[in-house]
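Structure record follows, encoded as structure tokens.
In order of appearance the chains are A, B, C and D, and numbering begins at 1 in each one.
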């Protein structure tokens, strides 16, 4: 998603309040994780033992929604409010952690492993951006 | 939105982990606030002095996204995870507070006052549900 | 959701391009259906015979997403574009129909029946608003 | 977003109903366009002449919502329904076209040009996938 960086580069005012690199990485991970969790929830639905996947599906759905919201909040810079950004990142990191923990348990399903990795990358990116907010 | 209660009443398993009344109220306020913030952002866009409304528009957009995510997370009960619910409610309360604070400043615009009230109701409903989680 | 009407009443410019009553009804049905489909998908996940509910869950998720998008598009009036409104309403009516058809098949599950009714009301509201667009 | 392809590769059942390459491209363009439109709407909000950007902001918001819904619908394969997929793609192509047309008018703003290109790529990817559906 090279447009993330291009749009940060062409922003009409200075983005002085944020670590540009950590911000770009976090936006990218949020959108990638939102898609991965949506796809993983659906792959779980198509598994023969779907009854064993219901908690995984539910957590995937929560994580897709929260990552999408975080990705949108982070894509906005007008009228920046550190409290909003921090609260959003804390929630996103918590939901990504819960989803990674759950997906990692399903070692037989490759889609869960791929999704778990996307969740961990997003959790890490959120925590690094929180740290960068100071 | 009477279907919120009907769907809680017909849920196939016991919802023992939550305060039913606080849950229903919070789901309703989240969806109502998501719509109100979407409409208020657009009403602000159509104000003549739109340049004075840009922070309000931005906060409305964040609040619409977060309320929608919270309303969805709260509508799910399978594989309940208190950490996910609490983190989501904390973020939603914080974003609703920020949006209510901003909307209340625009006393000349009735849509901002109506939206601020929806945000305050949603913030309160989130905090009451957090308290009920124990 | 009485704020829907209040926000239409306090809109800063004339909403001359739309049938006010059909618009308000459609926004309300979109948000109600989005919540109902989210809750029904989760109730299906908690059914013992979840394996028989996978198509229903999937259609519920699609319908929740599309209704939410339609509810948001209809809540905006600035820079009105009839092509965007019509295309969105057509898609929403199609997805609501598919979801109602699927939910109605699961006669043993009350949540599916309640959700099917919400989908039919939303489908009808979309088609009535399309007709009102002329 | 390499996880899109990885998750298609590890899907538990055959994806026989779709053109794999056109599907993957379309999912990617939907998520990229959703982010680009969210960022462009906010960049427009921070322009000095925001009053001239209100239609662009509104169309960006519609396009972000519809692309996100389309990206989610396309990420699901369980219980495939060609009518749902086609209606969603038609709506997404229409909204992307409207947004690209509007963004292209703002030649002085690079973010609008970058966003217009993302919208055109997404519109094209939707139309190619519609054609591939047969």
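The definition used in the following text is that contacts are C-beta pairs under 8 Å (C-beta built on N, C-alpha and C of every residue); 3 or more make two chains touch, one makes a residue touch a chain.
Only a predicted model underlies this, so the values are computations on that prediction, with no experimental measurement involved.
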Contact-richer chain pair (by C-beta pairs counted) among A-B and A-D = A-D
Furthest chain, CA centroid comparison against subunit D | B
With chain centres defined as C-alpha means, what is the inter-centre distance between subunit A and subunit C in Å?
-> 27
Centre-of-Cα separation between subunit D and subunit A, whole angstrom = 19
Multi-chain contact sites of subunit A, meaning residues that touch two or more partners | 42, 45-46, 54, 57-58, 61, 68, 72, 76, 78
Quick one: do these chains touch in a line, a ring, a star, all-to-all (complete), or other?
-> complete
In the complex of these two chains, what residues of subunit A are touching subunit D?
-> 1, 3-4, 6-8, 10-13, 27, 31-32, 34-36, 38-40, 42-43, 45-48, 64, 68, 71-72, 75-78, 109-111, 114-115, 118
Interface residues, subunit A side, partner subunit B - complex | 54-59, 61-62, 65-66, 68-69, 72-73, 76, 78-79, 81, 83-84, 87-88, 90-91, 94-95, 98, 102
Can you check the complex and tell me which residues of subunit C touch subunit A?
-> 41-42, 45-46, 50-51, 54, 57-58, 61
